[in-house]
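Both complexes below contain chain A, partnered by chain B and then by chain C.
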Partner chain A sequence: MTFIEFLKTYGPQLANGSVTTVMQTLLAAGLAILIALIAGLMRLSHSRLIYGAATVYIEVFRGTSLLVQLYWIFFVLPLFGLSLEKFTAGFIAVGMNLGAYGAELVRGGILSVPKGQWEAATALSMSPAKMMRRIIFPQAFLNMLPPWGNLLIELLKGTALVALISVADLMFVARKINGVTYLSAQAFGTALIIYYLMSRGLITPFMRWLEGVMTRKLGKA
Partner chain B sequence: MRPPTGDYPLRLEDEHIPMVRFQNVTKRYGDLVVLDSLDLDVEEGEMVTIIGPSGSGKTTVLRMLMALEMIDDGVIYLEGEPMTHMVKNGTLIRADKKYLRRQRLNIGMCFQHFNLFPHMTALENCIEAPIQVLGLSKTEAVERARDLLDMVGLLEKSDEHPSRLSGGQKQRVAIARSLAMRPKVMLFDEVTSALDPEVIGEVTQVIRKLVDKHNLTMLMVTHQMGFAREISDRVCFFYDGKIEEQGAPEQLFENPERERTQQFLSAVLEAT
Partner chain C sequence: MFDWRWEFVGDILPRLLKATGNTLLAALLGYGIAVVLGLILALAQRTHYPLLNRTVREFVEFIRSTPLVLQIFFVFYVGPQFGIMLSPWTAGMIAIGLHYASYLSEVYRAGIDSVPMGQWEAATSLSLSAARTYSRIIIPQAIPTAFAGMGNYLVGIFKDTPMLSVIGVAELMHTANAIGSEHYRFLEPYTLVGLIFLAISLPTAGALRKAEGKIRENMGLR
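What follows is the complex of A and B.
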């Protein structure tokens, strides 16, 4: 079977798997960004309780394996009465894990805004919420973008683990084809290429574009 | 929430109330005493310049008044009302954030490094706080900002981002931004120190204009002795967290009484 024939036969399945991978990535990324924002801001709080809660969250999710977390969410939570569908469990696990990494990027990005900006906004009597939203965060956001690009690529690759709880993503399809046909090189080779194209062909250009837009918006270009 | 040690009035009720009063103000960083029981009154409409060697606490005076940092002892009054503290149940307690925000509305501050918001144009810098904090409509805020940008000679730069402006232009926008809040007191913290010599004049010219045409109370920290001498109503020489000597500019610059003042002034004159 030539590679062309392989693609003709299994292309549609691989395409379906890819769509699931994209969906998982988008949903997990949305969740990760939300968690990162909340936990990142909590880590800047003066309240020990708020700071502590975020720290525990970040430590747990960064300090343990994503695969174990995925299994916990899918296999263990039902024992406590919380059953999630495999698709939902998949992106929640990936999102919560990468969100913990993202929280530190948010915190770092905010702290990277020069002290003078906070002081100027304080001198203008701005409330903390407005200061954050209108002055600090827009500048922090630009500083954060390059590391977020890396994180989103990590996240895309991390979604491959959801195949292990039978979410029919790209990795799951590749494993299935391999199991049936033993065409390992073709199956996993194609998966490899598709993952690479998604990260280098979609995420990286998108982040570059966003950086360009934000740089222009911040008047630095 | 510890009250200041000693007796302080809840508000100043003398017949004559200064615009700003520092009463027994002390600020420490660890063991280092930056301001040592400072007493200083600034009258309405007065231009007071603070000079002195680095580390003498000059800038700290302005930062304490703007409440960018908290004082360790004493009370600062603004128009007779406590600034660093507030009255609760008949005693002075440390001001909370909300009270400070309200009090800061009376004060404008310009910084050595401008601290313009880089993601906003000159005009946007000037309308941001009037809209967000004072609640002005955009039309009103823009009108006010354009007047001020015109006053500092930068109306044609309204739509430029700070990255496209020179240091002198940035500082003039920063002055306009502060004035857009209509403060009663303006603080200038070494506003020309980060500037190239050839653009210092355009900033001092704006400050001179403010002195001549407005009844603003101003406190300025500067290293430019010539400018200080020409423009101030009073000059305070700071040394070691205290006012070593103060007086009218002619007197302080020409006949300084204290030895430290003489040494400082001759050292500075040597350098220029």
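What follows is the complex of A and C.
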């Protein structure tokens, strides 16, 4: 079977798997960003309780493996009465894991805003919420965009693990094709190329574009 | 609802601890491969052969942008297709070693770039050979910068070893899966695996941070 024939026969399946991977990535990214914002801000709190809670969350999720967390959420949580469907369990595990890494980026990004900006906002007697929203966060956002680009690629790669709880993503489809045809180089190789294109063809250019937009918006270009 | 059985923990803990040995072995072996291979990948990108530079650069980018678990499958299954049988351990070590070699090559690159230009010029003016320049002048000074990244990836490779379970390497996750399906109980094995990972990765990360401070101090950087 030539590679063209292989693509003709199995292309549609691989495309379906890719759609699931994209959906997992988008949902997990949404969750990760939300968690990163909350936990990152909590890490800046002066309350020991709030700071401590975020630290425990971050250390637990960064100190163990994504695969362990995924299995725990999918196989153990039901014993506590919380059964998640495999698709949901998949993106929740990936999102919670990468959110813990993102929290440190949020914290670092906010701390990187020069002190004068905080002082100026205070001098204009802005409320803390307004200061965060109008002055600090936009600048912090621009500072943390480059590391977030890498994190989103890690997140995309992380979603490949959801295949192990039988979510029919790209990785899962590649394994299935391999199991039926034994054409391992074609099945896994094509999947590798698709993942590569998603990282370098979608995520990296998108983050560059976003960086450009933000730089111009903040008048730094 | 909360049905934690301590006697079951007692039964399975020895088996899990034994598997922890395999996990640590896999992490250290993989890291050893990555440390050496990563240096080769980093130096290959500094040669004067554009074709070699570009090829290695693209290769590193490709490995870094694609999932490790898929690479593990690729290495394990593609060999037999061309008549090369690899054991799960061999395939796993190749895949994880190569993956982390790409990461480490970037760490080395940043480290080498952090050495001031004057050091290169001084080495040239002393007419040191390229090998001597790297081994005696550049790499020793690149290490403090590279150390933090190297430490992160040591903990990282340890946390990625559970992926080796997919091709049957008998490490922690694989053992926990086996225990789970033998006894139809997943609460204790998976929770213990999580705790074992925490118990190893948190102190290691702490110790590495301390060591980094020491190295910087010794090099007179702080």
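Going forward, the second predicted complex is superposed on the first by the 221 of 221 C-alpha atoms of A that agree within 3 Å, B and C clash if a C-alpha of one lies under 4 Å from a C-alpha of the other, contacts with A are read in each partner's own complex, and residues count from 1 in each chain.
In the analysis below, a contact is a pair of C-beta atoms (placed from the backbone, for glycine too) under 8 Å apart; a residue touches a chain by one contact, two chains touch by 3 or more.
Just so you know, these numbers come straight off a predicted model, no measurement behind them.
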Report task. Considering only the touch criterion stated at the top, classify A:175 as touching first (chain B), second (chain C), both, or neither. Result -> second
Report task. State whether A:55 touches chain B only (first), chain C only (second), both chains, or neither. Result -> neither
Query raised in the report: Which partner does A:88 contact after superposing on A: first (chain B), second (chain C), both, neither?
Result: neither
Requested in this report: Go through the superposed model and pick first if A:9 touches only chain B, second if only chain C, both, or neither.
Outcome: neither
Report task. Pick one for A:123: touches chain B only (first), chain C only (second), both, or neither. Result -> first
Report task. Once the structures are superposed on A, label A:191 by its partner contacts, choosing first (chain B), second (chain C), both or neither. Result -> second
Query raised in the report: Once the shared chain is lined up, is A:138 touching chain B (first), chain C (second), both, or neither of them?
Result: first
**Report entry** Residue contacts on chain A - larger count, chain B or chain C
**Finding:** C
Query raised in the report: Do any residues of chain A touch both chain B and chain C, and if so, which are they?
Result: none
**Report entry** Of all residues in chain C, those that touch chain A in their complex
**Finding:** 1-3, 61-62, 64-71, 73-74, 77-78, 80-82, 159-163, 165-166, 173, 176, 180, 186-187, 190-191, 193-194, 197-198, 201-202, 205
Report summary line: chain A residues touching chain B in their complex are 114, 116-117, 119-128, 130, 134-135, 138-139, 217-220
Query raised in the report: Hey, which residues of chain A end up touching chain C in the complex?
Result: 59-60, 63-69, 71-72, 75-76, 79-81, 153, 156-158, 160-161, 163-164, 171, 174-175, 178, 182-185, 188-189, 191-192, 195-196, 199-200
Query raised in the report: Within the complex, which stretch of chain B touches chain A?
Result: 66, 68, 97, 101-102, 104-105, 107-109, 111, 113-121, 128-129, 132-133, 161-164, 177-178, 181
